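What follows is a pair of complexes built around chain A, which joins chain B in one and chain C in the other.
Up next, the complex of A and B:
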């Protein structure tokens, strides 16, 4: 009789894991890769990355992948490919006319996409397709890069790439409620948003109702990103709200904000040096392949390390330890403002006594009698000032 | 992953000898398919982490990697258990190091990177078919063939429901071999296994039938390795593309004949060198719906917007044991009639009632309450799934169906192993906890110090490891004693 009790009623059908979408942002900044040719060239890194992508697809047939190149002066899709007709006019992937980009999915590959790879019985077709599209797009990107464009900016377009990734993720999440949780998704749209508001504390629940669990992996080689501080931080907070972890694999350079990104969104941060860079693929396969479902069971690397929480100022993009903060909009400035107007919100700020030397207040003599009276009352009255030491 | 189907396939695979696995894993497509289809999620992550590892993984490293809470630990034990049952993982030095089986790792790497000369992902036809075969046509073909099989099984339950497509004699024989139907005289009668078969999802049904096919094929001098690897190859093919039969073995040529009877592949004539896999085949190694907008959805109402993306659900169960099914197709209706009392039939809807007598007559036919509940849950209308935290079916109905079954039965039997004389209390508790984590514990008899498990191999290695450890400890103790004497 004890088989029939309330506890045994749970549904055991949905054992399959939710599909996961992995968006990879590959920093293709030619300046930075040129410095790395000794230990890990871009072509080698891409070859390793392709194996990693295949491994991600292999884990679950419904898993999805998107790859964005964060190039010197723009961010561009590597996979899925942009539809042919719009490619040239909108090379940077940002649309002014409000038209939607047409993405080609791995499944729906047909003749008007980039020319299909030669049929090869030795390779799983989805793998071959991804490889072909990614490589041909990357090649086109490199060919279209001019020397002028490179000399003007040594940095990389991480902020743009992050924004692209977020738009893609949100589109996929809405367009593709997974088969197992599809019905829930339609109805619980409002709760999914509400769950997101509560940040990571309620992460598991909102993921379940989203159906598609997404994450972002940034392969970063460039150093200084301070010039893009504000858009990067905004993307990070958007990810935090949507409980999308941002994983960072740092191949070179040193950026403060990416570490903060991983920390704020619960992602993994690792930095490779000259020796460990050779094991790039093993790092990817061991630490970065696990999706949210698997991370519940595993101790992920990089937890508990000190994070550099410094910020960049809004006026000169300098990284500051101590700065000035607008009390209205919380903008950060590295030096006192000239006419006391906040550069961001325009509020009039008063610096008060900033810069003046503190006036030393001479010690006042205590009056013994009053102190005694207080002591007798057991609880000192709060309206009296703090007694001087 | 539909767990029942994969469990059956897992059981079948497990029964194969180790050499078969080595041969099976020669094919990258097979290695990839088994990896994708059979493994629990954590196991996949473990395999991928170990795939490019230069040296074996230390068990202590694995312990440090997995979180120490009980859920994660049991997930780890389950993953390791499945990996070892599928001969993917090898234990070295008495369980202190783990290593992926050589042939499996090699093939999986090859599958990920491409290359080699195995040609296991299907050889597409060089030439273009002069008469292109569209995806819709393939879906229609697959559905017609597969429903014909289902109609045959159902038709043997209530006469007069037979489908319009006749199934081949070979398929009929196969259904008999699998004991889905039993032929008495000239008419076929459905069996308990047949009901189980009917109430499954399509994907699980295919696997159930294919496993019977595998079992039968070895009697027909077909090499099970060729059969299996072809099935897994089919799972990695792409819908709507024609493939060439040129590199298939004779066994696989023979299989094509049978598979086109099942609706897994389509061939225009039996002597062409061109075949198209249908959706039934290409979803073999995934859990996507095998028959999109299948039999039930063609009849759902258009205004039913919620049904749009969940094609399977059409049944609404109310707490007052009334059941509404949005269908007009005879197949689901006759399945429902197995355990419900049908009441009214409208153009797109039937109403029925779950009663004690209807359930018990179903149980008398050999259907179990769990099967009924699973069927109702799988095909539940999306409206029942609205609230993700609440159970899909009304709990009172579910419990009552179970109670009705329990009224008739007082005993369950399992095959398994009774383990006695484990040692002291602590060793016993540890062994029981281990068995529970593996998911093989059936019952423990605490005061006698016995327990009963459904599977012995892993427990055996557990006890062996324990014995080795104890011996080592004893030896250390002796050596220590000697030192003291000196």
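Up next, the complex of A and C:
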């Protein structure tokens, strides 16, 4: 197979489309999926997702895929598979008996990832491989989920999954264009990937654009992510810097931040309701399959809708649209603080003009009138002075 | 202004820029000498920096093969291992960047020329500045022909500045610079800025002279009065007047005057300015008098309308915009102040960009072979890159010999451990997590954090992790 791919076609492709890396974050929170069983079960969703993944792989032979499960209490790789030994030690750590961390190296060497799938002449081998790895990892993840672990956390680890995806993307991006050392160093100066390559000379820019273009797709089913506000925001800004769009397909629940993520990074946000959920695959294929280059020429769904930009307060994790902000550390609080001490930075905050009536028009009129009728007799008492802003 | 606070402010800014001070001069007695007069100093700052760089090369240079990789990693980490102690910083900044556009910038000691390099770096600086200080304002001035010229006005839009700076490429440097004129113009531009923000002037000076129309000391005094902090990056050599300006406007602290040794150093100096400045105790007192520190802000959501309506701020017909959270007036752009009820309207994403200054990610520690064996890590937790194989226990003594030569700061096993989640990461993920994402992939991906739990249980896991 490889031989076939490596014939004269490669040359042509290299000039044309850059390969793209699609990182899918699958929210596998069992609570949320349980609520969706009538309209779209997890197994059905995964089956549809696999079709979508195959389509992505089929578009360009160099396209890559990564799948991360954002589970109830941890985020885990579904594809590519972890090397065995670390996964075992990780799973053990989650179960709470962290004693047998020591792993013999022999085991890691001989079983590098899960066993290969049975050869099937009717299936393109990369498809079969991805399907096998993804399903076996997902099965293992579900089996290792205990009931008490679930009862403790109803949330999902989107922030962790995003961060994992970003580290993976950054490594892949570095590795792909026969990276010069300068390109490797570049991203740490933070402007490099976001068009800052002019710093090191304009020549580098064209090279970077030929490299891997990445995007992240989040299939979200659970709500409330307010507890992960800061890490999610950090990830969003990282994506913004690296020009990685975050696409969101919302199957259920309501999260403010994911919409902001899609908006800030130029991704697509769509929320499916009970009726449209059955067309999951169709939505995936029509809205999310196009890569960044193609999106320039398409009218993408979800544009022209309002975006909810509310924030989560730091004190109670409430979502607020009017908040109190510490001018020193920019923490958001939902109500005036009791003892005037910022909960985050501890500095003393005077509440200034809270509760003061807004500056309204009549006051201005007074000022005007006084200026006009300066020598006039019946000027209203002006000893109050102009209101300070 | 407030001469009694020298000790404090020096302390504060030492923490702020440890990379420069740590290698530059660790001298203890300098506090006193600095506050009075810099003359007694044995060595200029940039000379010290240059020689210490040289020492670093010599010191680590044992055998080349092992050291090279280590040096690279150590270099990456050196940039990382900075302040993780949260300091109070002025996050709402008003900064004026003053570029030297005088004849001295034609010099080619920095390639291609000082002028072109400065323009390139400034573009990067502008991007980084707004990345780090999203709700801050920047303006750019130039010094040429003995006068100050306005390159771009104070604004929060990076593209305006970048376009203006790029337009400077076609303009040849000419005449001589005037620090006084530039400072006066900067002072005028900063005059209207609100008191809860900082007022900063950053000067890039290539020339070794300043041709001023009057007494610059008067200007310095008025800068002090206006709470303006000046930092200067010299491109040639140290000048007394620059040192004096920086010392006086920074409450006796001289770290804000630096001379770039080479291109890399220049870039680092410029980029270090993008970090929000530490707030000094004298400043906070001034702030307390002036302002309410708890600001009420609205986080409006964006709406899209079928038919265009008038916006409250400009009276233009627009389809969509943001509705004020309090009075529902429509404004067309954020950040803004609601024209009707005077509420500050801002995108929460603007605020959230500064949070990583507030909650810095802890530095990760190097992992010894023993620890690596204990954890059995074979690949990076973040990017799945394989780690070098852990040597068997008996090989270890022999390995110790070679590994000791790896540069300081680099991990012998190429693994770096987050002490909270006890996962191992590669150097690339270390750099990436600390400089770009500001999240730990491990801590965020698990509800059970062994490090945090140990800490909570009072087990001495912390010291264990440190020892390994």
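FYI, the second predicted complex is superposed on the first by the 285 of 389 C-alpha atoms of A that agree within 3 Å, B and C clash if a C-alpha of one lies under 4 Å from a C-alpha of the other, contacts with A are read in each partner's own complex, and residues count from 1 in each chain.
By our rule, contacts are C-beta pairs under 8 Å (C-beta built on N, C-alpha and C of every residue); 3 or more make two chains touch, one makes a residue touch a chain.
Fair warning: this is a prediction, and the values are worked out from it, not measured in the lab.
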Should A:281 be classified as contacting the first partner (chain B), the second (chain C), both, or neither?
first
Just checking: does A:59 make contact with chain B only, chain C only, both, or neither of them? Give me first, second, both or neither.
first
Tell me which partner A:242 touches in the superposition: chain B (first), chain C (second), both or neither.
second
Of the two partner chains, chain B (first) and chain C (second), which one does A:141 touch, if any: first, second, both, or neither?
neither
In the superposed arrangement, which partner chain does A:73 touch: chain B (first), chain C (second), both, or neither?
second
Name the contact category of A:271: first (chain B only), second (chain C only), both, or neither.
neither
Going by the contact rule stated at the top, is it chain B or chain C that touches a larger number of residues on chain A?
C
Can you list the residues of chain A that meet both chain B and chain C?
184, 187-188
Which residues of chain B touch chain A once you look at their complex with the stated criterion?
1-3, 28-29, 32, 35-36, 41-42, 44-45, 48-49, 51-53, 64-67, 71-72, 75-76, 111-124, 236-238, 247, 285-289, 306, 309-310, 313, 374, 377-378, 382, 385-388, 391-392, 395, 398-399, 402-403, 406
Name, in rising order, each residue of chain C that touches chain A in their complex.
76, 79, 86, 88, 91-92, 120-121, 123-124, 127-128, 131, 196, 267, 271, 279, 284, 288, 291-304, 320, 322, 325-326, 341-343, 347-349, 351-356, 358-359, 373-386, 389-390, 425-426, 428-429, 431-433, 435-448, 450
Touching residues (chain side chain A, partner chain B) in the complex:
1, 3-4, 6, 9-13, 15-17, 51, 54-55, 58-62, 119-125, 127-128, 131, 177, 179, 181-184, 186-188, 208-209, 281-282, 285-286, 289-290, 293-294, 296-299
Taking the complex as given, what residues does chain A use to touch chain C?
72-77, 80, 82-83, 85-86, 89, 93-94, 96, 98, 101-103, 105, 108, 152-153, 157, 159-164, 166-168, 170-172, 174, 184-185, 187-191, 194-196, 198-199, 228-231, 233-238, 241-242, 260, 263-264, 304-311, 320-333, 336-337, 340, 342, 344-345, 347-354, 358-359, 389
